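First chain written, first letter: the chains are A, B, C, D, E and F, and each begins at residue 1.
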Amino acid sequence: MLNQKLLSEINKDEEFTLFLLINKYETKTSKTGSSYLSLELRDKSSVISAYYWENYEGLLKDIEQNKIVKVNGVLQDFNGLPQIKIKRIRVATDEDKVSVEDFLPVSQRVLEIMIQEFNDVVNSIHNQYLRKLLEEIFSGKRLNDFFNVPAGSNWHHAYLHGLLEHTLEVVKICELMCEIHPEINRDLLITGALLHDFGKTQELNYDASFNYTDKGKLIGHITICALEVEKAILKVENFPEDLKNQLIHLILSHQGKLEYASPVIPKTLEAIVLYHADELSSKSNAYKYAIKSEMNKNGRWTKFIKLADTSLYIPDVNNEFNNSFEEDSI
Amino acid sequence: MLNQKLLSEINKDEEFTLFLLINKYETKTSKTGSSYLSLELRDKSSVISAYYWENYEGLLKDIEQNKIVKVNGVLQDFNGLPQIKIKRIRVATDEDKVSVEDFLPVSQRVLEIMIQEFNDVVNSIHNQYLRKLLEEIFSGKRLNDFFNVPAGSNWHHAYLHGLLEHTLEVVKICELMCEIHPEINRDLLITGALLHDFGKTQELNYDASFNYTDKGKLIGHITICALEVEKAILKVENFPEDLKNQLIHLILSHQGKLEYASPVIPKTLEAIVLYHADELSSKSNAYKYAIKSEMNKNGRWTKFIKLADTSLYIPDVNNEFNNSFEEDSI
Amino acid sequence: MLNQKLLSEINKDEEFTLFLLINKYETKTSKTGSSYLSLELRDKSSVISAYYWENYEGLLKDIEQNKIVKVNGVLQDFNGLPQIKIKRIRVATDEDKVSVEDFLPVSQRVLEIMIQEFNDVVNSIHNQYLRKLLEEIFSGKRLNDFFNVPAGSNWHHAYLHGLLEHTLEVVKICELMCEIHPEINRDLLITGALLHDFGKTQELNYDASFNYTDKGKLIGHITICALEVEKAILKVENFPEDLKNQLIHLILSHQGKLEYASPVIPKTLEAIVLYHADELSSKSNAYKYAIKSEMNKNGRWTKFIKLADTSLYIPDVNNEFNNSFEEDSI
Amino acid sequence: MLNQKLLSEINKDEEFTLFLLINKYETKTSKTGSSYLSLELRDKSSVISAYYWENYEGLLKDIEQNKIVKVNGVLQDFNGLPQIKIKRIRVATDEDKVSVEDFLPVSQRVLEIMIQEFNDVVNSIHNQYLRKLLEEIFSGKRLNDFFNVPAGSNWHHAYLHGLLEHTLEVVKICELMCEIHPEINRDLLITGALLHDFGKTQELNYDASFNYTDKGKLIGHITICALEVEKAILKVENFPEDLKNQLIHLILSHQGKLEYASPVIPKTLEAIVLYHADELSSKSNAYKYAIKSEMNKNGRWTKFIKLADTSLYIPDVNNEFNNSFEEDSI
Amino acid sequence: MLNQKLLSEINKDEEFTLFLLINKYETKTSKTGSSYLSLELRDKSSVISAYYWENYEGLLKDIEQNKIVKVNGVLQDFNGLPQIKIKRIRVATDEDKVSVEDFLPVSQRVLEIMIQEFNDVVNSIHNQYLRKLLEEIFSGKRLNDFFNVPAGSNWHHAYLHGLLEHTLEVVKICELMCEIHPEINRDLLITGALLHDFGKTQELNYDASFNYTDKGKLIGHITICALEVEKAILKVENFPEDLKNQLIHLILSHQGKLEYASPVIPKTLEAIVLYHADELSSKSNAYKYAIKSEMNKNGRWTKFIKLADTSLYIPDVNNEFNNSFEEDSI
Amino acid sequence: MLNQKLLSEINKDEEFTLFLLINKYETKTSKTGSSYLSLELRDKSSVISAYYWENYEGLLKDIEQNKIVKVNGVLQDFNGLPQIKIKRIRVATDEDKVSVEDFLPVSQRVLEIMIQEFNDVVNSIHNQYLRKLLEEIFSGKRLNDFFNVPAGSNWHHAYLHGLLEHTLEVVKICELMCEIHPEINRDLLITGALLHDFGKTQELNYDASFNYTDKGKLIGHITICALEVEKAILKVENFPEDLKNQLIHLILSHQGKLEYASPVIPKTLEAIVLYHADELSSKSNAYKYAIKSEMNKNGRWTKFIKLADTSLYIPDVNNEFNNSFEEDSI
């Protein structure tokens, strides 16, 4: 595990030496005709653009996307955005003992505990059809992808293991609703909660950056999940037709509205609970990280956030009544 | 084949004797306390409410939904809507030689010709993966349902064989677009056109009235179709992944907008063509029948039509330049 | 406490004798010129229209809105809606020992337990400004109204003590979110949860039927609550300005979107949590009761529900995997 | 009062010497590594960015936001936007006899006349409760703020005394409507017109630039005004409850639609008049200034204006029939 | 001029004898099989349905739509709506000295005064092209229609001379805006105000009831007006092209938004003023009449009004501060 | 006809010598104070920005917008967009034998064939009123404009003769619909199809670049067309009123929805067919060119396209089943 300062901790005008991952790179020409190397570099905490004016031709034959480089540079400000002026740069070697995962953001929860919680939830399902279906789906490469994939490319739970973390939150909220409403079919709802975003395992790449796959863009994670469930059910003998329809309905309707890309809207008690539990988990996480990522800046307001349609208020942690964020900023 | 006058041809205050299908029935009490039998009766052309005041108790043990009765009655007007006052009524027997299909609306095109056109289209597909997929899907009970089901419960092509008629129209429009744009992948587009509404075979009942099934309401014909295609592709060896994604994209996006219940919007040339070809076929049919069904009434405007968000103008067929509707009113 | 059969348990054509509350009444003339008394009667379970043809003039001088009557009648069906044909009717007397509350729907949770939970939550607030504010607001007549008022006139928690039940659910969901996100300012969020719908105490009448007040229609419960909090804060010495702004923001933004009548949208982490917690509690309750109220009818679907924009699916409790609703139908 | 050329009158490539206000400033690094001082400077007429390459370190310890500087520079064009190249710059001293207000845009109406009109309107209110309320609200610092604050940060009446100017226009329009409709409650409507945007005194800062306050963003001027009115009414003995509800309704509903941030829509005759009078005053002012600020440019169309969702047509003042703008361009 | 009690002044159960206009009529059959005559009758104040059970066959050959009858009857209530039980009825003769206009609602302003105001406005236009255009358009039958037609079928200014009354209000509001903003091209704006709804002269019938014409429904008053102006301009020599475009733009954009059926949105200062002046005049009038028509009923709220999307508050005229409506109720 | 390499065929860093058209030009100053000439140059295939640092003052007196220059330069990349660094440049002379049309994009269909098809369609109209109207409209300069103008500035059929090409496609689709639905009034529909976008002849300039005219922005092509048809009908004796209303309705409603700038929505069978035929032709063309213009780039997706609200998928022409685009890329 790589142990170095985070990009987010570097101050303006500070000089640093860090391993960083190449997101993309390109040669460019300035207006005055000189050419230089333009890169986008990342670590766990940030993605920042960089440039290198020195004779970079020797470097060009070695670097490629998703390779790791060791960089000595200075953090500058360009039109209000941070930018790295590279002084020296070399490609990392085996002896540097660094790997791609060291540079991707990752859930702050402990993976093993999340897996334990996940297994406990699966084991709590009494309905044998649903239990077998879950065991069929959550196995082999599919299970591995499910444990690792982020829940999104940059909005909520947008880090490794993010889908698992999000799924467990939705399950917990649903379990609370089952306590309040004994009328809810718990096995059905919890199975739906476990599966609702499973299609993201095929919708998103997470090997070096978080991008949507062709299949993800053409089909979408909602339908991908329905197709996987339909095929898995073929392997569960005598799976009841009515139960299948209700379960697939849960998956299809979990985004709640047609304009949010659900092809049907919630028509069962379990479906309306799942929709709002999903909203609660995803929006809370998204707003928290949007605020955290700008807490160290000046001012009480984040930049305008398109998905929230507003700037967010950053509480003043020096006020006694506001200090919750204080101790565990990113 | 039953040969009798159509309900739509009966005039106000006219007495008639006709076989009719019972859509539903119920005993009711009038405000003054008398009880009577209230029914909804249909033939190919109309659905009209009816009532029967005489001692109907004997009748009650014989009638049920979707049974055929022979009715002697008078057509009256109640608050602007037609209503049948039944004088005599009896349940039809085998000797009457009538069957349920005699009372359902049916496409005005000849079924055999449509089936021939359909087979010709399937045979025109050169891509072997798509050809095999079509042969897999369009077989057995599935093919039979596809030939018979209406395309909707009451808007466009809402009659027996309606889905087949609609599908062939969409295919013809798509073929014209292939002539205009050689860049279109014809095999892909025509396969998409043939399959786009196939899910309606499971979304709609058409045995005696046209109703949505539980599965239809919980899952919807778009996802039903995607699930069927996914399973059928399991039986076509080596079906290319990219081709599958593009085909399922065609099915998912054919309603064009998220708010029209497509979970993805059109992202390929073929998808945008299919969406608008479907709109053109369905809206033209819907508006034509909405106008036809009110041509014999007074006035130049139909009643307000919710799905069109307007009344429609009924051309005056006595004007020489307007007489297209004249010779073939329903 | 009145102990009699519920209106919802009476079958069609069944004769019954029950105490019922008069929602409204009017004399009417039939088309044939006779006049009669038309009433709307209610008990805890239903509101049903009724009529009385006998010489009702003597009755007229005694009855008025919100009075209780003893009715002997028969349940009939009029155009698909239930209707009571009254045979005999008299105004209730003191000796009948019935009171208005016996005829209003009421929360199924035990009031004392809810009050205990409420007090525990208030006592858990450590911030002294917020604690004092809560004690100021929740006192005297205001507290009494808060414990009794429904949370709405006919959608969610639309019964006596409904606001208290709803508030406790929102608090529980918020507490779960505080466990997941230690960054949340718990005292602020829980105070906001306790107060968010407090304005409904002035927005709704609940003495005999649940109607909106003039003030409720002209001002709305969101602004009413903000005005009450502003005035109560005048009585808490040195209440911090920033804390006040954040708290009033929580109240104003809790409906989440401008088009849902919030004058500002959520701009803090606490505000986004409160909005979705409120949605989860209110929608779950509303859908549950919408399904429950039609479970005894034929068919697997409720009538179309405008606020849900759909019919809801009624699970078949004879299926082993669906039987959660079974034991505690209303 | 400062007497110097306006920034809007400087031509491209013209050299000038002017006092200007620092809106903000920052040191930046160019791509080629040199550092320079980047500023945003304003006078009454414009806000323009500027840069200074010379040895600016000495300057840095003296300048700060909202300070005034004397600048010798040249107006250049950078990517279609004006930009000042600073040659010499120094901080203004007491002897320069300039003050911040000299650099903020200001209403073109004479303040004293507006105040006289305002007083006349207040004095015309006969209803003693409303009269006392107005005298309570419009006093002390509140009155001073009301006379000075702009009505917005950059759309309509976005200059000093702008709220007063806007308020008087709305009053005049409302008075005309009272002449047309004697049914209107004049005292109520005019009081509502005087108060409708009063909350902007707390929503906007206007000391050196026009920015939204934290309270403004968290609460909004509509609710701020309602809270102030509620508290002021506490000081007016026996203020009738019905009158208070109608008045607060006027304030809350004056933006006309929920999606425009009014928590209730207009439900009284006075409310619908106030909403449209406000629209008429604000939109006319906004469009006039949007056109004026681009009249000297080439072309008959302004740039695209987001809040108008279009470019605006600039009439050709050389056409005799179009010359209204001619004599009094800004 | 007919001098008789208004239908709106008749109380429930009151017997009366009045001349009334037949809006429509029809023979109907009751559920019990008897037939009767159903009519819709109107005077200036109301439209009410009526029925006549006696032997009406003799009457049938004499009555027709838009004929006047003398009716002796009783006002009853049927499902909350008023209904006339006719006892005696006969067709009016020449000797009765009644005419259709006596039964249509009419502006409460004096026609001659409005015509004088209209002429003064036309005469105030200095631009000779616009002046000639106005004289061309407002002449002969077109002028007569303009003076008589209502401004709508049932929303605002929905009575004879309503378009003239509405036009003069819009002109007055525009003139006030010209005083506030000397930059406005007064001749252009006032000409636009005079013409903006002129197309309604062809969009609406007003001979006996206010209905939309076929042309009105197919083309709409906005385009009708543009077509008339275009043709009239052919008769004004050398009408400047730019002036024509700006004038037609005023007409086309006066409904302000595409979704309100304007094919272009306001892009000039005059256009934005005209749009909001039209809104202010029409909405004020509509809300006033909606409130007035229910002032005599019980309760402080009108029925739900679809075009206002709300019920409206009826002020209590017994409150001293609310009594503006008092003296001149309809 | 100019015969030279297309701009779209030049590779990055390639040096070239080409005649190009000046779209616009301007002198600018760089941040370091040097001044240079900035231009926008075009040929049939692309519009690219360019810059020239050498002593350009001599050039300035000769160049102007829409003049042709001969350029020797290099294609570079600036922030991901292509940019021309000009080495040498001179204004073209008569001897160069180049003209403006050589530099505008043009339909790929043969003009003479399109004109023949157009004439055949006009000749197929039997109704003499419509035939004469078409001959009146399509004559002289109007016909010439109709043959040359593009159908839009940059979305569909955005090239010379584009309106003619688009019109013929719409006619073909309408003719297919006439075959399917004999109820359609063919003469009316085809006349509407020929005229529907005719207003674009006045809405768009196409002399050197494709821009909207003042009239186009103030009136819009829909109303322009209606005005032209109205005036042309004045010259056709006895043109039936009903036919005129239906025809103008077709023109007005052909964009299908109010929010798409149609002032009325389709209310006839012909209008709904025309709307969807127009959509099918325009969207297919727009998507095809959007894909084609990016086929040579890396990646399977185009850039985000605002009017499609998505990126588009670029099929892999190396897949046998996808090769339709292969042979005729732009």
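Just so it is clear, a residue touches a chain if its C-beta (ideal position, glycine included) is under 8 Å from a C-beta of that chain, and two chains touch if they have at least 3 such contacts.
The shown structure was predicted, so the numbers you read here are calculated from the model rather than taken from an experiment.
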Taking a step as a move to a touching chain, how many steps at least join chain B to chain D?
-> 2
Shared interface numbers for chain B and chain C above half of all numbers used, same, or below, different?
-> different
State the chain with the largest centre-to-centre distance from chain D, centres being mean CA positions.
-> B
Between A-B, A-C or C-D, which repeats the contact pattern of D-E in over half of its pairs?
-> A-C
Where the CA atoms of chain B average out and where those of chain F average out, how many Å apart are those spots?
-> 40
Cα-centroid distance, chain E relative to chain F, in whole angstrom | 45
Intercentroid distance (Cα basis), chain E paired with chain A, Å | 60
Within chain A, the set of residues that touch 2 or more other chains is 214, 217-218, 242, 246, 249, 267-268, 311, 313
The chain pairs that touch are A-B, A-C, A-D, A-F, B-C, B-E, B-F, C-D, C-E, D-E, D-F, E-F
If you look only at chain D, which of its residues touch chain C in the complex?
-> 214-215, 217-220, 222-223, 226-227, 230-231, 234, 241-242, 245-246, 248-249, 252, 258-264, 267-268
Spell out the residues on chain A that touch chain C in their complex, using ranges where they run on.
-> 127, 129-130, 169, 172-173, 176-177, 180-188, 240, 242-243, 246, 249, 265-269, 272-273, 276-277, 279-280, 283-285, 287-288, 291-292, 308-313, 315-316, 319, 321-322, 324-325, 328
Can you name the residues of chain E that touch chain C in the complex?
-> 30, 51, 76-79, 85, 300-301, 311, 313
Across the complex, what residues on chain E touch chain B?
-> 26, 28-29, 31-33, 214, 217-218
